[in-house]
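For clarity, chains are labelled A, B and C in written order, and residue numbers in each chain start from 1.
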Amino acid sequence: MAALSADTLSEVTRAIDLAGVFANAVLGGALAARERLDVVGLVTLAVISGTGGGLIRDTLLQRGTPVALTDYAYLLTALAGAGVAFLIKVEGSAWRRPLLFVDALALGFWAVAGAQKTLESGLGWLPAVLLGLITAVGGGVVRDVLIRRVPVIFGGTLYAGAALVASIVVVVCTRLGQPTLGVAAGVLVGAGLRLLSIQFHWTLPQG
Amino acid sequence: MAALSADTLSEVTRAIDLAGVFANAVLGGALAARERLDVVGLVTLAVISGTGGGLIRDTLLQRGTPVALTDYAYLLTALAGAGVAFLIKVEGSAWRRPLLFVDALALGFWAVAGAQKTLESGLGWLPAVLLGLITAVGGGVVRDVLIRRVPVIFGGTLYAGAALVASIVVVVCTRLGQPTLGVAAGVLVGAGLRLLSIQFHWTLPQG
Amino acid sequence: MAALSADTLSEVTRAIDLAGVFANAVLGGALAARERLDVVGLVTLAVISGTGGGLIRDTLLQRGTPVALTDYAYLLTALAGAGVAFLIKVEGSAWRRPLLFVDALALGFWAVAGAQKTLESGLGWLPAVLLGLITAVGGGVVRDVLIRRVPVIFGGTLYAGAALVASIVVVVCTRLGQPTLGVAAGVLVGAGLRLLSIQFHWTLPQG
């Protein structure tokens, strides 16, 4: 696989980040609809789901105003996701599979984008893994707390675990001089682990 | 209406911000008293209600230490609000109306202060609207999560919606070269919408 | 008591901060085990308990990336605490006393570290007291919100109150030119008040 230049990698990371924003905004909006929130509540929950993880990541990185506030594409993408969730009734058993699939992809996208961005900021492997994880699950956790659900990270299947492994894959590949491979492998491993864990009811040992 | 100078506008924004701090601290303290929290719990909840939204706004803006930590007026005002809530039993039906009125005013104050400050920081209209909303509802949401209530933004009436419209009014007026008018109109529209929505049981369509 | 140099004091603050990280990570992990979370959930809760308060403090201070992300000792110490909680079943009545003791010490450690660090950042006494309190209780509050417990600060005994007094002791001693004494006295007073309040069922008047 030909290595991407740093600029292109940054562009790829942004595109991947935005894909995660859209997917999570749709998911957050769908959840809001199921909870019978009104249209402002739906948009709020969609925007939080879509941008919360990145906002926490950027705030912790302290490298200036979070990208979700300076790059209009983020909020507009989140609003588009909210619009989709508002217009299309994303409910019922027919939607279960596609939603899980999108959710799993978004998890991989964000773990990759978070870990990648942390490394680009000059921080080491350990914070990169942590911020990959936080980016991937942060928005969903805030969303779940607000509607008083059990946070998705404690839901029993591989969720935080999948994001953790995806972040580690990105960090290891980047250290081995293969950042492009890391991005692709991270998304695949993160989304794959999540989907397999649902399909086969994988759980981790209890503490 | 004569336009205010930038410095005066900044002073007006601060005064309005502080009025919101006081009102929300009283409200948070009153809620703590109703929940039978002890005096430290009451002060904690009052300070969170009174400064939480601004702390989140300033942390996201990343323009230095949040004003609530550097300008003593903020914490002292929040403590004064806690004191009022501790000394006066803000309970019973006689208090319902004045509390709702103060709450509505505070909502307008903070939406205006948040949107105004974001524009002053050089960010665009979309983050200004978002941070106006977050300033207005952030402290109340954190307060509600801590005492495990349904967050006020999902309460069914125009709350986040009123803050959203107030923020938009500020941004539009400022863009039209009328920041002073924007401040006044934003507070009026935000507080007015909130009060009218309670009076007439206005609700928004569900998602 | 001989005064420590500024550098040594900074080192002492770091050691005290890390002791708090370890203690709270063990406590968070033990709680996760009691809640039957899986191993990733346990590690997550331990890391949040161990680093959450400091992350909130450093993010609010806006003096660069939080120390928990730049100084590896923090995350590694939190992970070590998670490991202890995973390997040793920290449950049953035999563990109740030691856990309360460690918890009380950690409360004092963090109130001291938070107040001390805020003063070192050049902020005044009021934010120092507030950030001492936030450092001491922040991680526990986020942990409790995530597992949907009543936040520890509203638990009825002197918890936030003990942290508050410890922070005030540090600030007063430092103002009197006795920072070293302040560190020692703050830890003793914070931990002591907490333990005494449990032993003698001290409660504060309700609001």
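Odds and ends about this structure:
Everything that follows uses one rule, which is that contacts are C-beta pairs under 8 Å (C-beta built on N, C-alpha and C of every residue); 3 or more make two chains touch, one makes a residue touch a chain.
Predicted, not measured: the structure shown is a model, and the values here were computed from it.
In terms of inter-chain touching, the protein chains here all touch one another pairwise. When chain B is fitted to chain C on its Cα atoms, the angle of the rotation, on a 0 to 180 scale and to the nearest 5, is 120 degrees.
At the interface between chain A and chain C, under half of the residue numbers involved are used by both copies, so each side presents largely different positions. Chain geometry summary: the mean Cα position of chain A and that of chain C are 30 Å apart. Touching two or more other chains at once are residues 59, 62, 145, 148 of chain B.
Interface of chain A with chain C (complex): residues 59-62, 121, 123-124, 126-127, 130-131, 141, 145, 148, 150-151, 153-154, 156, 158, 160-161, 164, 203-207. Across the complex, chain B is touched by residues 29, 32-33, 35-42, 44, 47, 55, 59, 62, 64-66, 69-70, 72, 75-76, 85-86, 145-148 of chain A.
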